[in-house]
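Multiple structures are listed underneath, in structure tokens.
Each of the two complexes below includes chain A, the first together with chain B, the second together with chain C.
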Partner chain A sequence: MNRAQKISLTMVITFSLGLFLGIILIVMRLFDVGIPKIAFLFPVFIAGSGGIISITCFKKDKGTIIFDERDKLIEKNANLAGFGAVYLYVIVMSFLPIGILGEEGTIPVTWCPALLIGAGFCQAFAQSIAILIQYSRGGKDNE
Partner chain B sequence: MNRVLKYAWYQLIVVIVATLFAAVTILIAVKYWPGKEFSAVIPFCLFVFVNFYRLFFPLKAGEIAFDERDEQIKKHATMISFNIFWYAFILFCIIPILTIGNGKIHVMYLGGALVVCGISFRIIWSIAVIVQYGWGGKDGEE
Partner chain C sequence: MNRWQKIAWFNLIVIVAGSVISVVAAGTLPPEERLMPPNRVTVVIIISLVLVGMAKTIFRKADKGVDFDERDGQIHHRANLFGWTGFGLGMAATIMVCYLAVGPMGSFPPLALPIIPLVGVGLKIIVESVAALIQYGWSSEGEKP
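Moving on to the complex of A and B:
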């Protein structure tokens, strides 16, 4: 497993965990369990920890060749997949409030930066999955 | 002219004409028809023509649609336009915070932001393809 795969796997695990915790917290809040708003930072921290772990734990691969043309192509395709996911995310998040609140509704301004953070996570998640899928196609080729 | 380049020019022209048409229609509706029911489909109807490229320019027998280089150019253009899309989205998310502060915004703001980002994506994609082919010089020939 190369560095890109290790980073992607960590990202996918932490994001999935963060997403799962976030959904649980939203459901608990819907049933009035008494969850404070600050608790929602916990899943965000869990999801974001993937980046911190990747930077601190996975050092650059040792050896003369650490990056070839195939890796570059995989990275490029993964970037495109990430961008595509953000495009879809922006479409959904732009029309969802209109659908729920109606054409005359208003939303707090603080939602905008939250959308931005969501878009960032969405891109990293899709990119990581795309990297893992592309490397898994080659089997042992990526070792 | 290369088929990919032809598509880029076609898309650029259609998107610019459609955007101008939408802007004029919305202005007329706001000025002369205020408060009346107005379908959003009317101003944006011309954008549909972007997808009619294959209908207007069908692939001739024996014609090569694209090669590896065209594929690379398209991919590069997509990356550039997605980057611009990202920056535009970031701007649209930051501007309300800077101007309004802790207030509220209309839900249609996000819809408008999406339309602007989507249109700029198409325009930048076309321009990026055209620039990479050298503005349709001999490099872009079949």
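Moving on to the complex of A and C:
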């Protein structure tokens, strides 16, 4: 497994865990279990920890070729997949509140930055999945 | 001027003109209706985006010769990345404007939310077109006849 795959796998695991915890917290809040709002920062921290782990644990190998043309192409496609996912996410998140709250509802402006944070996470998540899928197509050739 | 330069110029002109017309159209509406689609601003934005979507049909491929080579692919990829950066910045800027318009404790109707990705898409197209034109050149100057 190369460096890009390790980073992507860590991102996918931490994001999935963060997403799962977030969904659990939202469901618990819907049933009035008594979850404080600050608890919602925990899944965000878990999801964000993927980036920190990747930077600190997976350093570049010295002296060997770690990035060739194929890696460049994979990175390019993964970038585009990430941006495409952000596009879909933003469109869904813009129209979903209209369906849930109705045309007469109101949204606090403080929710807007959450749209950007979510877009960032969505980009990294989709990019990581795209990288893993593309490398897995090559079989053992990436080793 | 090649096909991609023409498409970039077309997209740039359509989006800039569409933005100017939608700002003028918004000025003719009462303040409480400006951020409430569907209105004439939405119609202008949708027409602009449809025109941008039709650019490749309007500027058809040449019957002879290579239309898209590796250099074009590289230029497009770079322009695309710049465009997506513009998309993110456009969204962030719209959110800032929302903050300034309604205040940190304010709220707005959910119908106004689609404006955020619409501005993002507009800025993406502008940045992408400008990036493509910078790389290809703004005119047909220096091209072989």
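Here is the rule we use: the second predicted complex is superposed on the first by the 142 of 143 C-alpha atoms of A that agree within 3 Å, B and C clash if a C-alpha of one lies under 4 Å from a C-alpha of the other, contacts with A are read in each partner's own complex, and residues count from 1 in each chain.
In this text, a residue touches a chain if its C-beta (ideal position, glycine included) is under 8 Å from a C-beta of that chain, and two chains touch if they have at least 3 such contacts.
Predicted model only: the values in this text are computed from it and were never measured.
**Q** After the alignment on chain A, I want to confirm one thing: do chain B and chain C clash, or do they fit together?
**A** clash
**Q** Is A:Ile133 in contact with chain B, with chain C, with both, or with neither (first, second, both, neither)?
**A** Touch status of A:Ile133: no partner.
**Q** Check whether A:Ile53 is in contact with chain B, with chain C, with both or with neither, and answer first, second, both or neither.
**A** So A:Ile53 meets neither chain B nor chain C here.
**Q** Check the residue A:Leu115 against both partner chains and state whether it touches chain B (first), chain C (second), both, or neither.
**A** Both: A:Leu115 reaches chain B and chain C.
**Q** Indicate the residue numbers of chain A shared between its chain B interface and its chain C interface, in ascending order.
**A** 76, 79-80, 83, 86-87, 90-91, 93-95, 97-98, 101-110, 112-113, 115-116, 119
**Q** Residue numbers of chain A touching chain B in their complex, please.
**A** The contact residues of chain A facing chain B are 76, 79-80, 83-84, 86-87, 90-91, 93-95, 97-98, 101-110, 112-113, 115-116, 119.
**Q** Where on chain A does chain C make contact in their complex?
**A** 76, 79-80, 83, 86-87, 90-91, 93-95, 97-98, 100-110, 112-113, 115-116, 119
**Q** Applying the document's contact rule, which stretches of chain B touch chain A when the two form their complex?
**A** 75, 78-79, 82-83, 85-86, 89-90, 92-94, 96-97, 100-108, 110-111, 113-114, 117, 121
**Q** In the complex formed with chain A, which residues of chain C make contact?
**A** Where chain C meets chain A, its residues are 77, 80-81, 84, 87-88, 91-92, 95, 98-99, 102-111, 113-114, 116-117, 120.
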